[in-house]
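The data blocks that follow each hold one structure.
First chain A sits with chain B, and in the next complex the same chain sits with chain C.
Up next is the complex of A and B:
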């Protein structure tokens, strides 16, 4: 009974293993077609270097070949990965495809591979062995899914830049994913060789690579069972067709392609989306210490003492092709301060915080943030130093749940759990639980506890902004940078946000935030810095700023140049939020020029270098 | 000299094929992997038109052009439009176009069988010219002329006409284009139609050049097309032309001086070096990522 199905069952296992090598990189959002090349290298080197079965026994020979094949596949992935990891999307796909084709042609022209005739290999692999190997590979990816490493890969897939800002070393993670793919592809190559008896370089061509990719995508590239389902689907369709007696040569490929089209059009998550998915739940809340308590700090990293310098900027400037977005800014942030950064559109506010958080290197001047020199330090290192931020346009991991988003935020303060999860060590479970507790605490802090299981993309705009703050908080930062956190919030939400910021500052966080809602800034901040045309034009307490004639002029223009068609004039008409925002703070309206309430600057929609 | 001319002839076909590829990629940011199937299908249809329909070679070309256009509309409607709002539209479009290509090839197999097909004897004029000691057939000259004319026409259309302006607007920002009253769906469909029509003509010209049509001819040129659009710069029309000619010449000279089995290594070696040194290609513009 089983023997009759041995061949298709073995091919399902082989196809699934190959598909896993695509899954390994798809999960990190990389499209690679080089796996056929890795498989070919693994297969030929494994089969020709391993001792013959007569000397050491068949199974040990296969195991040695597997070890060689996986090592060669992984090595090839490193060699190919180091120069190509900076490529994205289709470019990476085509570069890796070029590599695979080159490998194929080189192998075809070598004598030790047998060239086009191929290399004879004994058949050692049985159904049982194939499925054992598959089980090991599937287990690997299953345990990876809920580990810190697996979450980091998913975060990179969803939004690379945000992943970087959460302290994830994107280059290293992408490379390890790629090397995993290389090793799994090498495994496939060797197993394939020891099953089909004769391998030729043509077995690992473009068509084979596309088939592997199709299998992985049809099965579903976001869930570990996907490749297995895809392989079952792809292998069984011809078998079923044969069983029901469809014989004509063209109908089979036609139906197979048609079903593929149907799956891809109507099952966006692949076949795996048909399976029920277990969602992680919020841990029960009672008795959880509040996030931010000094006692619950999860890292050893020292937070600066109150009043200590957190960031020191001297003569910092940024130039975009002759346009000075930021010019000669001197600024010092001290621990415990809440600094508001305001200024008209294009004043250089976002460029300034991008420099502070390491996203954009300054073109002149220098800055030290939490002991780290800004400029050559990569973004994830800045995050590790204790800088955490939100973005002007929400950059959430859209297809992950709110809770998972925050868990990614806790990347820096949780310990790696993948390898320990493979061995089911209880300490991994404890660490995961601790990260979960922390994430849940952060969600509660911003008031999103009920929405923990909701996909980030399904949240309302205001909730997305709050989720970003929760995610930024999860890394236990010393300096929190918020880029227009209240944009799109109504005045009730905005004043809730203001309360939250104040309470975070009471916990010892230093907060720098950009905001156009001047009323809220004046109400919340201990200090306000005003930028215009890339330069600091005023800095001081909210009261001083509200009364400063230079600031009023920058915002409103003097009566003389009211005819000047500047952004302020356009903004007055275009900004629908101005009225309500001004209404939140009567103090601001009276302190500033009488007409200020109606003339708050519009949301920053112009490019940051458009001064 | 003979090699140089051969390289230019084959290169112009590669360029025509790749221009269709790169048009869709440049404007819609999608890689249409059904393009090679259109290439193969139109070669078979072209042969059928000449053989059964009794048309002359040159009368069949416009019909194939139309055929390709219709096929392009079908591809857009079935494989791309249903996916356009999905977050993974890029991957999904790749796969759905592969699926559609599989269906097309299966239909070809049904209609024409698995064997190689040729034009009926006597369909080609046997006029030959001597150019600086090299032999050139009239057919080759016409192939070159048609390829160049189509490419020039396309460039004119993209840069000067209303449709072309719409295409460039969609390429820049589909949402903004829609807000400004550009019918994005229609532009998308038109792009696919034009792209496929060019691929179809390239298919027939290729079949004329080597006087064979095979089911696998599409996948054979697919890799070359990808290489050409990378070398030339993704989405760049003149880049695809230059890349195609470069590839044609590289191949011909590689066969001449290195040996035929190493031909493709040179193409992919070139591709690889370009990707590493200049990922945007020879004439491509690098898109700046927004923060």
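Up next is the complex of A and C:
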């Protein structure tokens, strides 16, 4: 019974494996079409280098060919990935497409591949073998989904900059995803070759690449069963049409394309969005110790002792094409301090914290944060040193649940679990549970426990800000930087936030925060630094600052003289980090989510409360 | 939105269920018929009568890259089927399926036809597809008749694989020998598209034939089957002042290539392979096609009675001139009929035996025989375009 469907079933498995090679990078937000090239290289090298089935037996020959094909595919992915991994979106797609075309042309002109007439390969693959291979590949991605590695890839897809700030080495993760894609594509190439008997370079052309991509997207590129569903759909359409008796000709491809359109229109998440998804739940343990208690802190992380220098800035400056966003800032942060950074719009506050957190290299001066020199250190290394931050405009992983967002935040303090998850080692489960406990604790701490399963994008604005804080907390930082955490909160929420910050400081955390709600700053901070036109104009205890005539004149104003409208307007225009960061700051600008620039709310519009 | 989603889900599920049911039914019914009982008839030749319908499958590339050939073949087959139906005695249940020029579809279709229990499979259109799918029929003991496979080695797949299409290796040496004799060729430029199996094997045949004839190849230029601008290559070819251009390309390349060559003032003969043997060459290239020499398996201007009738019937049915693909397809089904009637049996095994015994059958391709390697034997022809029509080069 099953045997008469062996051929379509085999092609479903093969198509799904190829689609998985696209899924492998789509899950990390990379659009690549190079998989056709990897598959071609894998297929031709596997088929021509593997020993003949007569010498070693058919199945061993196939296994050797698979090993060769996957190795060649992975190797090609490294070679292509190293120079192209900094490309994003359509640029990566074009570059990888170019690679696939180059591979096809080279193979076409080699004598060992048989050129356009192809290379004959014995048929070894059976439907059982194809589905076994598919099961292994699907298992790989299934176990990856809930691992630390899988979450990191999803985080990169959702917001690369935020992922970096959470300590994820984006370059390495993207390359790993790409190499996985190369190996899976190589596997597909070899299996395809050992089933269809003859491979020609034309079998791995642009059309094949697009078909693989379409299969992955139609199936759903965020759920591990997606490629399988997509392949089933794509393979069955012609079968159904034949069975229904639609006469062969142009109607069939038309209907197939039309169905594709319908699926994409009505199921933007792919066929996999029809499947119920199991969400991870908050671990139910009423007696959970609060985050911050020594017992819950990951032990291998050393925090500076109270009073020890956390950050030392000397003559730090940042210039954007002649505009001095920050100049000559000398500042020292000591462990246990809560430092408020205030100043009018465009005073350079965000630029300053961007430098401290490693997002923007300074143009002059030097800074040492938690023993790391700012400027040459990538963002994720700064995060690893113990700097964690939130962003002026929320940079959450929008399609992930609140709990998942915080789990990504715990990246640095949890251990890699993917490989151990593949083997079902209990230690992986323990580590995942520990990360989950920690994330849940962070959510509880900011008061979002009951919204753990909600998608980040569905949260209210205030909740999003609190979620960002929870995510930043999850990495157990030594220095927490909050960029306008109270923006968009009402005064009840703001005072709750104030209490939270105070309690965090009591746990020994050093906090630097930018805020326009001056009342809150004066109430919460141990020290306040006032910035205007990129320079520190005052620094001292909240009482000193509130009484400082320079500050009152420059910033706080009086009841009938609110902030000087002229300086605000000027400041807004000159603020280089808000609105359009411009192409000058390579580190920050290229990492911003492409669509973000157009949708940013006007910067610094929070009403200022001078009292 | 919720409602819409579930509708789509339900529709998809329904479609899948429907598919599995109906294909299940079809397969079941077809499989039962495969027994040879009602496929054996009485009488011989003209008088042969077979009660059951003889199931014949055809796998053609009706869409995709090779669609233009598949379409011609479909017309040839359908014309032949219609004429055989009129003749009576034996009825054919011809199912033409589209492999979309995709190896996966080709393999699936062969598999399906074998499961359905057809007596014979015609096709597939492309040689590469034949290498991939013919083994399925071979293993299942169902004879295959290729009607356009010209690559070497197709019939080596097994003793159930036949073809009525002359290989490039059979036609091209004759073309080169004839052209060398006619034009006194000493030095030529060879051009071919190297990303197509058909034209590349054609090139190999040309190269071997030119060497055998002692004609010097001053330059070999390659292009892609999707190219349409050949001016740079042609200028390069012109530089070596050849006695002729030898081109192995598909008709899509042939038309612009010939037109542009004449525009550039290259008026030496252009010798083409099988791909050039298409009435579109004269229709689209017009004047420029004059003097193009084409070696072909089918002599379109042949005046044997089968061919004359075929030309007239085809023109009447479709309002267009047939090309070689149509002629070979037409001849293919006629040969199958011949094989069925010779033993008055249409089960796969008898058909295989009868096809192997075909000898000197008059067809549109001329007197036709199958040799011991199950390859076609019939006269090839070297044609030259004269006054807008193919005429035999003499």
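To be clear about the criterion, the second predicted complex is superposed on the first by the 555 of 611 C-alpha atoms of A that agree within 3 Å, B and C clash if a C-alpha of one lies under 4 Å from a C-alpha of the other, contacts with A are read in each partner's own complex, and residues count from 1 in each chain.
Quick note on the criterion: a contact is a pair of C-beta atoms (placed from the backbone, for glycine too) under 8 Å apart; a residue touches a chain by one contact, two chains touch by 3 or more.
What you are looking at is a predicted structure, and each value in this text was computed from that prediction instead of being measured.
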item: First (chain B), second (chain C), both or neither touched by A:196; value: second
item: Contacts of A:108 with chain B and chain C, given as first, second, both or neither; value: both
item: Partner chain in contact with A:260 - chain B first, chain C second, else both or neither; value: first
item: Chain B versus chain C as contact partner of A:425, first or second or both or neither; value: neither
item: Touched partner set for A:117, first chain B, second chain C, both or neither; value: second
item: Partner chain(s) touched by A:214 [first = chain B, second = chain C, both, neither]; value: first
item: Touching partner for A:249 - first (chain B), second (chain C), both, neither; value: both
item: Touched partner set for A:7, first chain B, second chain C, both or neither; value: second
item: Shared chain A contacts, counted only where both chain B and chain C touch the same residue; value: 108-109, 248-250, 252-253
item: Residue ranges of chain A touching chain C (in the complex, touch as defined); value: 4, 6-8, 11, 14, 108-109, 115-118, 120, 123, 195-198, 200-203, 233, 235-236, 238-240, 242-244, 248-250, 252-253, 262-263, 266-267, 271, 273-274
item: Residue ranges of chain A touching chain B (in the complex, touch as defined); value: 26, 31, 83-84, 86-87, 89-91, 94-95, 97-99, 101-102, 105-106, 108-109, 161, 206-207, 210, 213-214, 217-218, 221, 248-254, 256-258, 260-261, 264-265, 268, 350, 354, 359-360, 391, 398-399
item: Contact set on chain C toward chain A in their complex; value: 4-5, 8-9, 12, 15-16, 18-19, 22-23, 26-27, 60, 62-63, 96-98, 100, 103-105, 107-108, 111-112, 115, 127-128, 131-132, 135, 151, 194-197, 199-201
item: In the complex, chain B residues that touch chain A; value: 25, 31, 78-79, 82-83, 86-88, 90-92, 94-96, 98-103, 105-107, 109-110, 114, 219, 222-223, 226-227, 230, 234, 261-262, 264-265, 268-269, 271-272, 275-276, 279, 289, 291
